[in-house]
Amino acid sequence: MDLPYHKPLTQQHLRGFGIEEPWPFGIGGRVMFSELDPLNHVNNRSYLAWFENVRIAYFADYGLDDTQGPNPRWVLRATSVDYRKELKLHTDYVVTARTTRLGRTSFTMDHAVWSAGGLATFATATIVAVAADGSGAEPLTEATRQVLIARDGAGTV
Amino acid sequence: MDLPYHKPLTQQHLRGFGIEEPWPFGIGGRVMFSELDPLNHVNNRSYLAWFENVRIAYFADYGLDDTQGPNPRWVLRATSVDYRKELKLHTDYVVTARTTRLGRTSFTMDHAVWSAGGLATFATATIVAVAADGSGAEPLTEATRQVLIARDGAGTV
Amino acid sequence: MDLPYHKPLTQQHLRGFGIEEPWPFGIGGRVMFSELDPLNHVNNRSYLAWFENVRIAYFADYGLDDTQGPNPRWVLRATSVDYRKELKLHTDYVVTARTTRLGRTSFTMDHAVWSAGGLATFATATIVAVAADGSGAEPLTEATRQVLIARDGAGTV
Amino acid sequence: MDLPYHKPLTQQHLRGFGIEEPWPFGIGGRVMFSELDPLNHVNNRSYLAWFENVRIAYFADYGLDDTQGPNPRWVLRATSVDYRKELKLHTDYVVTARTTRLGRTSFTMDHAVWSAGGLATFATATIVAVAADGSGAEPLTEATRQVLIARDGAGTV
């Protein structure tokens, strides 16, 4: 299968790349030389750039940029990454995202990186909605909650 | 206090920067423009470069490069990061490291980033000793275990 | 036109993206958030990662990895970059490469970055063939010279 | 000599590090692991981060942030880099900056990177003053011109 890069993948493409349900959203990429380190594999921080990238595409696709009013600022509050397989130059990969839990002012996402060899990396990210004026965390809007429940089956805590 | 950068800090410097026991080891730095992102604060992945940097200095200072035989390869297996306060351009900071738990083929470290405003970021990292020929994880040597217990009070699991 | 990313573009795709002859080789990409800086445009050093990336694809496509014997090391000796238009998040772009001049132990390439708005950045790069043992520059092989003349019309100096 | 990092170096420190006149300004640093690439030396784009960093310190030290009115935006218009010696992990270095030529809306700087082994890298950078509203290039103010002539001996073209 030829992997489409940079645009949200269809469910068919996700399944064709071996990514099972309930992963609803993924973006394809290809390892660049600048993402490698002296161990000649993808450096640990390069994955954070990929997770950041897939979240931005996910927020756009889910309409989450619009539901927070003018100038919302989604901020990464915490993350954990489990590096299972190293990745090498020019490897095709897919980075996936889904929201698993809703809090009052934050939500938690799962991320994963997949190559032809299967699951390479698993991660979680806690995202906080910060007021545009920097005055602190804001409650998630009802519209945000509904889209995350409807599309990802996100639970509440 | 003038913060010495890039070299392992003395206990006096650590305490003078407000970093309490039992943190035994830290390296000072200063935020560069290249570490910022469009939100005009230090990007989430820049911290991983700092943790990587302090671990290399820590391994050298603790003699862990020598106890594993020729060409050891310490590999980051997992990490978690808790971003508590954002950091801005030219902020002086200290990144600290200590080993908290020993496994058979891995150990777990705590990391933190401190600025004049106190604790900015807390993180953990699980480090695995991988054989130089890439054949898999190797048991920690007794010398490695002893130095981590003696200097950091690392516990066993 | 839908831009194919990451793989060498056909002449048809290059011309369809408004890239005129004699540019023979290009790779498509899309601006990621991690390539931006606090001015909210692509940072000046991100372009160097793109030029490095297109050169690696070019070397592979032109068979230059094979003509230098075991473990050749192409090293960037000099570069110049002319930043004409800024690029923003998610912009589709093509990075092109061609060799213009052959020296005895080095060759000079032109690079450019193109978006839908036309030429965004122009650059040159001088590449030296360094011996695998690091002992110094090596003369270009006759095979390397011939492929660069045949495909790119590279001149000699 | 112990190299002070991150703060503008005195003339005495510059000369003590083997950096001759007329270089008026430099910042010390130490190579981090994150700046290396798979060739195990400082990657070509890491130098651009250092030049960017020294320019920001230089602008602050020369008062150029204040002379342009509210929200000036110094933009890198062009750069050239000549990589003469590779740099390795933990190498102490100094990055220098001086303005050599004044144009009407831009000025040209020389940069260099120095290690204990002497000159490692030489670069130039053309800087344009862009209006805060993004409407285009602005003439250099007389105050900017005077400080660059007085401190660096910048010529006019």
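When the chains are written out, they are named A, B, C and D in that same order, and each has its own residue count from 1.
Operating definition for what follows: a contact is a pair of C-beta atoms (placed from the backbone, for glycine too) under 8 Å apart; a residue touches a chain by one contact, two chains touch by 3 or more.
Worth saying up front: this structure is predicted, and the values here are computed from it rather than measured.
Enquirer: Is the C-beta contact count larger for A-C or for A-D?
Expert: More contacting C-beta pairs are found at A-C.
Enquirer: If we define chain centres by averaging CA atoms, which chain lands farthest from subunit B? Would you check?
Expert: With centres defined by C-alpha atoms, farthest from subunit B sits C.
Enquirer: Determine the centre-to-centre distance between subunit A and subunit C, using the mean Cα coordinates as centres, and give it in whole Å.
Expert: Result: the chain centres lie 30 Å from each other.
Enquirer: Using mean CA coordinates as chain centres, what's the gap between subunit C and subunit D in Å?
Expert: Each chain reduced to its C-alpha mean, subunit C and subunit D end up 26 Å apart.
Enquirer: Distance-wise, how many Å sit between the C-alpha centres of subunit A and subunit D, to the nearest whole number?
Expert: The computed centroid separation for subunit A versus subunit D comes out at 37 Å.
Enquirer: If a residue has to touch 2 or more other chains to count, which residues of subunit D qualify?
Expert: Residue numbers touching two or more other chains: 33-34, 45, 49, 52.
Enquirer: What part of subunit C is in contact with subunit A in the complex they form?
Expert: Answer in residue numbers: 5-6, 29-30, 32-34, 49, 52-53, 56, 89.
Enquirer: Per the contact definition, I'd like the list of subunit D residues that touch subunit A in the complex.
Expert: Interface residues on the subunit D side: 33-34, 36-38, 40, 43, 45.
Enquirer: Which subunit B residues qualify as touching subunit A in the complex?
Expert: Against subunit A, the touching part of subunit B is residues 39, 44-46, 48-49, 52, 73, 75-83.
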